[in-house]
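The two complexes that follow have chain A in common; it is paired with chain B in the first and with chain C in the second.
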Partner chain A sequence: MKVTIKSWTGVATWRWIANDDNCGICRMPFDSCCPDCKLPGDECPLVWGACSHCFHIHCIVKWLHSQPQQQCPMCRQDWKFNNK
Partner chain B sequence: MASSRDELKIYWNKIYYAFPILNDMLFTDCSDEEYQEIQEIIIGLGIQIKIRDLVLVHIEKYLRQHVAPSFWAKFIKVEEEVKGFQLFKSAVNDLYESLKNFSPILNKLNTLNNCCGDNKPIFGERDVLMGFKQLLRATLLSQLPLDFPVIINHFYKISFNVFDNEYENSEMPDDIMCSGCWNESIDCNCAYIVKIFHDTNRKLVELQLLERLTGQVLTNFIQLRIESHIQKVCAGTFDVSHIGFLENWLDTTVMSWLTRIYCAGSSKPQPDNHIVLNAISKFKQKLSYFLYHSYTKLRIDQLFNIVIDYPDSQAAVDDIKLCLDKTDLRSTLCKKLQNALETRLLHPGVNTTDILTAYISTIRALRHLDPSGVILETVTKPVRSYLRNREDTVRSVVSSLTEEGAGSELAEELVKFAVDNDNENDKEEDWDEWEPDPVDADPKVNSCDRKASDIISMLVNVYGSKELFVNEYRTLLADRLLGQSVINTEKEIRYLELLKLRFGESQLHFCEVMLRDVSDSKRLNALIQQDRNFESLNSKFSSNAMILSAQFWPPFKDESLELPEEIKQHFEAYTKCYETLKGNRTLSWKPHLGNVNIEIEIGTKKLDLIVSPFNATLIMHFQNKPEWSLEELHQVMKVPITILRRKITYWQSLGIITEKTTDNYALVDGSEASKPSGSRNQVQDMICEDEETESVMASAHDQREGELQVFWSYIVGMLTNLDSLPLERIHQMLKMFASQAPGTECSLQELRQFLDTKVRTHQLILQAGMYKLPKT
Partner chain C sequence: MSGIAKTSVLVEEGGNQCRKRSNISASSDQCSKRSKFDDMSSNEKKSNFSMLNPNVNGTIKMTTSSMNKPGATTKKLVIKNFKSKPNLPENYQETTWSKLREAVIAIQTSKAIAYSLEELYQAVENMCSHKMASQLYVNLTNLVEAHVKSNIEQFLSESMDRQVFLKRMDDCWRAHCRQMIMIRSIFLYLDRTYVLQNPSIHSIWDMGLDLFRHHIAMNTLIQTRTVDGLLTLIERERGGDAVDISLLKSLLRMLSDLQIYQDAFEHKFLQATERLYCAEGQRLMRELAVPQYLAHVEKRLREENERLLHYLDPCTKWQLIHTVERQLLSEHVSGVLSKGLESLMDGPRLRDLATLYSLFSRVKDGLTELCSHFNAYIKKKGRTIVIEPERDKTMVAELLEFKEQLDNVVSTCFQRNDRFLYSMREAFEHFINQRQNKPAELIAKFVDLKLRAGNKEATEEELERLLDKIMVLFRFIHGKDVFEAFYKKDLAKRLLVGKSASVDAEKSMLSKLKQECGGGFTCKLEGMFKDMELSKDINITYKQHLSASSECGGLELSVYILTMGFWPTYAAVEVRLPGELTRHQEHFAKFYLAKHSGRKLQWQATLGHCVLRAHFTQGNKELQVSLFQALVLLLFNDGDNLSFEDIKTATNIEEGELRRTLQSLACGKARVLMKTPRGRDVQDRDHFAFNADFTNKLFRIKINQIQMKETSEEQKATEERVFQDRQYQIDAAIVRVMKMRKALSHNLLISELYNQLKFPVKPADLKKRIESLIDRDYMERDKDNPNQYNYVA
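And now, the complex of A and B:
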């Protein structure tokens, strides 16, 4: 007997490689989207700060806009985007 | 003294001569002149009042002893209708004749009475003749025998047949049997019967006995006829309105027959005869009410079938609608239909889809019958509570909602809703057409809600929440998306849009993401296939992937499966490509999901199959080594033995693998494989088919259990702080604190069930309606 595979369709789920499950600002899972977004993933990406904390980009931008000083909401260090 | 005594004797004889009734006789030779003389004597003696009363007493006695018994003697129980007809005829004739004999006496008495001048009423009537008739009626009726209606019934039955025949079958006179009198046409008796009939009725009218004697019998008889006529006309057909024909029939045949009875043969009553007119119109009212009543009753008995046939049975429903206004059968209707639904529909032998179909047509039919929706609400209450207890209701509803093609009424309904939705605004302007709710309406329910809710929301309301429906739809969608190799995303998106209109955007947001995942995956696949690293791998076979956003899909069943090495390589390469494409993101594979297109060559036979990854892996192992024990398979595939044993049947049913000894499986070589054993095969087929259609999603029940578990920490917190709480309080507080994510909406009933399971496992204590944490 000979078995030939013609095509294989697998199923996978994607997830962010991050050191936490939930966004520290909106408390939603990273793999979901921030409360303002409808679609997860590309449309609601994560950003990492220099302090290694990460958030939904929309959440952190909103946070930074509302603050006089640009600090990470988790560790109070100055916020810098870490473009790795 | 003696002479005066003799004189008195002579006078007395003369009075006897004038009024022979005093000797119980009716005949006398006494002429009018002679009587004048005698009357003068009576008046001369001043005893006119006494004589009058005496004569009346004797008349009464005579009637009682002779006339009435001989009349009633004819009223015996006979079987043959013709005999009954004759008996009644002769009874009435004899009575009429014998009363004729009274007329000389009555005339004399009348003159005598006129001389009395005391204005004393005679048996309650003003003049002698009327008084006599009154007396006659009283006497007759006082001796009424038990079986008197029998021959009256025969009499009217025969005559009605003749009339009915005249009206209905006038166009076919050449029948061998006359259907009026059931004689052969040559010696048809109809004319004779009609003559006798009119004659008898005229006599009865004259005696004012018609109403008294035959009223009840006539009514009963006509009611019977109406009933049988309705039965005859309306049996089994629901697509024609009958009420018009029936009214017409009542007007022509029945009423004209009645008129003839009352008017002694003429078909039109004299316009000035108010008594007759009155009697006839009263009769008509009574009979048309009865007609409506029995028609409605018949229809109510058939209502279940009518409802199921709706909208083909619209005519019948229209009839019922009309009749319900004229009769008081509303509550009977509700009760009967409810019973019919319960006995014919709500038992384990009926498929859920059939119940749903019936429920939908019930909704439609009753909507039409009673736009206020009250009947519908009452009748379908048991259906709703029954559906609530069926596990697959939601699934059936959702799948029929999204089903394509004819026969899926719900799908049509969904599309219709989308169209209707736009013209809903002008409702407020109909205020002048407002009608109050019927009396049997539940005052707690807003009548607008009752009217506005359409079929889909009625179905959704079976559960009281949209959540369950949306969740079920999500699971179904997930199954469909993962199960099909070719996905018709456009169709799914169209349905999703329709559902959104109905259930709201936010509820179906998850499904939207799911559909987008599918289309994104397609794009991503195309992109990754072009990748150079991947190309070399792909030379053997193409591998694709569905990349899902786990947060938005229903939870998957957890199953382990160790894939063959080459597939794993593919997946790893795929993951790498993905990671480079999308920074900071990675994939976790669900090895047991997806589908595989394989080709199997056995000898000369080639099989092209689409199978699950599990089955593909299994057969690939057999390719390398023709014999495996379950234990070995378990080692390489990391699948529990029980599942292995169950799933390997798929290949057994195809005749490719066979169980050599217990738990030892071997490949069947080419020659044997071509002739799988018949009966065994079918059984296996069934098993594996079952398996293949099994949902990959965790069952709704398991999901729900998991969701409720979320509440547990809240509940524990509450009870620690507040010691003990009743169910309602817990429910309220949960509503306040924990109600964001979909699926966390929790009904009181569900909560109770959940808490009860906790009580059972001794995690809670229920005391006097209050829940408490056990003291540790």
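And now, the complex of A and C:
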């Protein structure tokens, strides 16, 4: 062997696995956080519904609190959290 | 006799100080002892002798007219005298007066007085006591008038040298004052009884002045000759000739004492001044450079002030100085500025600028004009710095220097005047935005250069000061998002390649930006720093995870995990990794995603780098290389002579990138590959072999990746991203405003947007975005009012 690798510093970018670019509630892109947060990441995670729509967790929680029925704002199906 | 001697000594010095001297003689021991008037207040004494008190003026005129018809007064007094004192010798009044008359004439003709002063004082007192004061006063007046009249002739001859004339006038005036002082001291009793009791009667001193004024100074020919002579003398003195200053001073004091200074002299003098400086200003503005001209004006003002000190009456001051300022400065304000300001500023000639400022602050609108020319100068000069692409390399350094120079001028020459500071800021903001985007980009790059490792030109304090200065320039930039885009790109490089000179300096710059533009501006930049810290934690836990499981030994992998939204956008590049690297990469991804669900990772091959162990015949080395360089070198473990095409297929690195990579390995400073045929550029047909004989005195060798020159395309791409981002920000702002207001007219919406948006934008662009949002059903046009929008929930 003429050359072997001693160490490797890699770089990777992460983004949410989402079915849309923007949150359907706050309309901010998923690459940034909800309007109430400062930085995207673990402090402002996304959640998925059984209907497969996803939102900022802060957005859907607020939405559900404001509604008499627990429905997905996009498809009006009953909202159930899908723990991926 | 001693009394005479004393009096003549006192008056010898001349007429100029007659007022002062008369006080002395009046209050001197001998005088007061003899005349027994110790109880007189000094105020009363003064008002008797001073001609400068304007109240006296009115009295003079009144009495002058009453003296013109003395007959009535005389008769009345004569009758009274005889009634009260009948026992005087019959010719007492006549003989006594002739004695006094003789003495006065002796004084007027500079002869010795035949009687002792004691005797004369007594004579005056006796006459006054016997009600002869009025007649005595009339007689004395006539005597003085006759003498003054006899002096007229000498001033009326056809032709006379001006200097001789003035000298003669001065002699005549001084003699008059001298004589009147002596006469007054003899007739002091009259002054202090009869004159005091009759407010309409002049004091003896004033009576003398009045006669002198009436017969000599107010004579048209004599007055014209005197004033013209004085003006000629002053003109010569202004021209630089040495003239008899004391003569000037004495004669001007004469005019003041006679109360004709303003009417007879001042007006003509100011006219002459105006003419002189009008012509001089015009001539010198043509002949002299501005600094010399300003120095000349300063000199002229100084000289005129000295003139006021040395011979002019102080009451002329305001008008005189104002006249000079008007003719030499006010008339030439814009001339001086357009002719000279630019070169003074370019110098910068600080002393001349300070002179300019102090002179212009004397005249109306002087500073306003200076300020507006200063402003125009900054805009013009600044524009040349930012507008020409050839000067881009030095633009920021030049701007910093320019700003510093202007600061210096304003603080040392313009007294830190707020108006100038404000104007300077306005001008900077104006010219720096004359060119779109470029100044913002270059300022960002300038900061990068200073924050990059290896910048040894500054200590930490110096760097801090420099960053502060940069922030001043940054403040003027309208397109701050352009700055942010370029700054972010460079910051990413510094962080990922470990090229940042100091974390403290980075954080300091970040806090400056935050202070200037608010948290919204820096939150992504802060996010980048946060990613770096989180990555450090992740790598520690990953290492612990590895040592626990003993999987994936061999190479040591650490990964920077970047949050997509914070960092610049990197094009996804797919390259072929050797199995070992793929295995490590997948292992890490599995570890990471298990901890962070709902995410996906995108590997950025262009940003990775490695440390390789390389075995050469001369010994082992450690090579610090980019991932691409590593991928190429690893190929030589299995083959020896590889073509460009072979390498391209094996690694799948993009052609241009590969060419630069091979160039760095085979044509750079550390040639670990050998290229055939030799040459600087990498051609498609070239072949490469491992250079087993490679030598280098160092053990660790960094092989720099040849940086692609930042092409105009890459630049455009960054600008394009800024543009895209602006569109998005406009949309977001419109939605935000509409959501809050529900309904809003077009104009109100536009003005709200201008308040919120931090970058330059045209109304037409805003309109386009509104249309687009209407199309996408975020809002709608009101059905009844087309100028109003409604929010669609």
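Definition applied: the second predicted complex is superposed on the first by the 83 of 84 C-alpha atoms of A that agree within 3 Å, B and C clash if a C-alpha of one lies under 4 Å from a C-alpha of the other, contacts with A are read in each partner's own complex, and residues count from 1 in each chain.
The definition used in the following text is that contacts are C-beta pairs under 8 Å (C-beta built on N, C-alpha and C of every residue); 3 or more make two chains touch, one makes a residue touch a chain.
It should be emphasised that the depicted structure is a prediction, and the values quoted were computed from it without experimental measurement.
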| item | value |
| --- | --- |
| First (chain B), second (chain C), both or neither touched by A:10 | both |
| First, second, both or neither for A:2, with chain B first and chain C second | both |
| Which of chain B and chain C A:19 touches, first, second, both or neither | neither |
| Touched partner set for A:27, first chain B, second chain C, both or neither | second |
| Contacts of A:69 with chain B and chain C, given as first, second, both or neither | neither |
| Chain A residues contacted in one complex by chain B, in the other by chain C | 1-17, 29, 31-32, 38-42, 46, 48 |
| Complex interface listing, chain A residues touching chain B | 1-18, 29, 31-32, 38-42, 46, 48 |
| Footprint of chain A on chain B - complex, ascending | 482, 485, 509, 512-513, 516, 520, 540-553, 567, 570-571, 574-575, 578, 582, 584-591, 593-602, 608, 613, 616, 619-620, 622-623, 626, 656, 667, 670 |
| Footprint of chain A on chain C - complex, ascending | 496, 519, 523, 526-527, 530, 534, 554-567, 570, 580-581, 584-585, 588-589, 592, 596-604, 607-615, 622-623, 627, 630, 633-634, 636-637, 690, 692, 732, 735 |
| Residue numbers on chain A that touch chain C, as the complex places them | 1-17, 27-29, 31-32, 38-42, 45-46, 48, 84 |
